[in-house]
């Protein structure tokens, strides 16, 4: 698997405190799997390696909750209703800020926030990828079977070469990880790698 | 859950002989789960009930394979390459025809063929739903964790109310069914029902 | 032409000071046509009538310029380059604020900013319309042959019923207005009305 | 302007007999402008030059009319209703066949038919472009202010580099041509060339 610097993009999905930091609203739910596979450290390695290799970074953020979200909507999903109730990634709060180790740097692209699971849906991600000449995307971040999987499925349908990184993500259960990487990933992704594989491919 | 006749659509995904008929190329792979949950009979029931209730039917077909598919493509996925090699749902063959019990009738909408998993991607499905005033979609057909799930994830991102029917679909393994309906479905779908539930809601 | 309250949306495109207020960067260019057709007053009337009728308002804003926009882009268009150079609708400036008479009110939907001409492209407009049950859109704002026309062409392709309002918009020349409403509008729009027509249809 | 062979695509829009051949349903309407600018001969030159240069061709076809089209639609536009009534580009008829000089050749991509004006809307054009590595599109065919313009506006919003060719298209009036190339084209396109310019750029 080769990742030409000028046509590869690293999609960093939802590196929020609520997911990645002690005390975050969803941190406890993801922690067992994250600790088991070493998510946080692997994310640090992949992001650092991508920066070093000159691969463009795209922040792909979930909608930051606001108190009056969904109020006038016809069809919010139960999942969206739950997230709104818990005010996950709440706008203007610590939980909706980036984890300290994943602060955007000059030149990073911050994509519009997405309302559901896919970073492409209702955002400028596809446009920004094209404007940067990206044809291959490497997906890391949270969670393997929700935002990463939806973003990956959309990327494949949009014609991108899609790489999942099985230990630079996490989920709320081992079986959700298994579903993402063993059952579903192989039906749409072009490559399912480890962090080690990625570092080998793009340089450490 | 209510399904107003005029704003509900039934999406019938890939009711091909290759999936649903004895001798079909993928029939054997899906048969254990399909037999266990009664897929074929439930599909018959849901389709008949929808027709009787005056709910609009949309055929959502996967691309029918042709010998020279993908030849000039940069990034066909391994899954697409495998399907092309096996010429699944081959154009002009029995495997790519509709199962005899699911022949389109006058007034049904035949959506453009999709290249990947989502019936929305690169097709006129969203347009046809809008042109028919559909705001809620009920998804049935094959397979639970591939085309149904991708179509459902897209439908949710597009703003539709999404209903999965857990026994009017199938998969290549029980754990893939489990992943579709217990792990992933609840993160994007609005309702996950049984055929019996659907018949109760729209009339038998 | 009828506009049911619950399935109609008013799309208010780019009501920025830079377009609509004395001293705005593009105000002078639009002023001759705007004065001739009474754009500002007609916008006030349509917006007030829509609010009174209980029709949902959607703000459809162009990207607010930032100094480092487009820097890393492969294919910014000449038009985008010009707008970036002039910092039209600059973020954090008066020019990029709403005209005083078109301040959003509680319950209005603020759509993501768009990068080009279409309010649908790379934004959540289609999603928000669906989440509010909107099937018919009335387009007002600036400019007739650029953002309004692109948004209208996209709306039609997405399956919406599209209404243009010929005197609740403006352009940089009378011939651009003519092109928008006499040459191109009739090839995609469902209705091309006057403000007076709209007031009659939805109530003054 | 440079057009690298491997990242450029020629989009050939609606080269149907109904547009381009004597006796076609829309031929008479387009003939005055087409004769004046030499549309047919320029299309021949551009297509030949693209083939010779190894630039990928994409056929971008409008929906071929069928007698029962639009019957169940909520919001067909007046333009679509007119085209359906006249059965323009009727399926299975001479009018809906390619002009004899523009027969697809092995390796050409035939995109799904579009329902409105944009070759991207509800089709696999964006997907096919990505699968062929195309980042720059050259648009030729019919008509300048309808399908070419809608396809061009969409292409720009999708992040492509867009080139219009002012004498390899036509319209129903000189003012519609003027609107397409002088008023609107410059607001979204990256280049507006002549056939001669294109031949110089890609080789004759």
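The letters A, B, C and D name the chains in turn, as written, and every chain counts its residues from 1.
Here, a contact is a pair of C-beta atoms (placed from the backbone, for glycine too) under 8 Å apart; a residue touches a chain by one contact, two chains touch by 3 or more.
Just so we're clear, the structure is a prediction, and the values are computed from it rather than from any experiment.
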### Message
Counting C-beta pairs in contact, which chain pair has more, A-D or C-D?
### Response
C-D
### Query
Looking at CA centres, what chain is most distant from subunit B?
C
### Message
How many angstrom lie between the centres of subunit C and subunit D, each centre taken as the mean Cα position?
### Response
27
### Message
Quick check: how many Å separate the C-alpha centres of subunit B and subunit D?
### Response
33
### Query
Distance from the CA centroid of subunit A to that of subunit D, rounded to the nearest Å?
38
### Summary
Touching at least 2 other chains, the residues of subunit A are 74-75, 115, 121-122, 126-127, 130-131, 133, 135, 157-160
#### Entry: Residues on subunit B engaged by subunit C in the complex (per definition of touch)
126-131, 133, 135, 157-160
### Query
Which bits of subunit C are touching subunit A when the two form their complex?
56, 72-76, 107, 109, 112, 115, 121-124, 126-127, 130-133
### Residue ranges of subunit D in contact with subunit C within the complex
74-75, 77-79, 115-118, 121-122, 135-136, 145-146, 149-150, 153-154, 156-162, 173, 175-176, 179, 183-184, 186-190
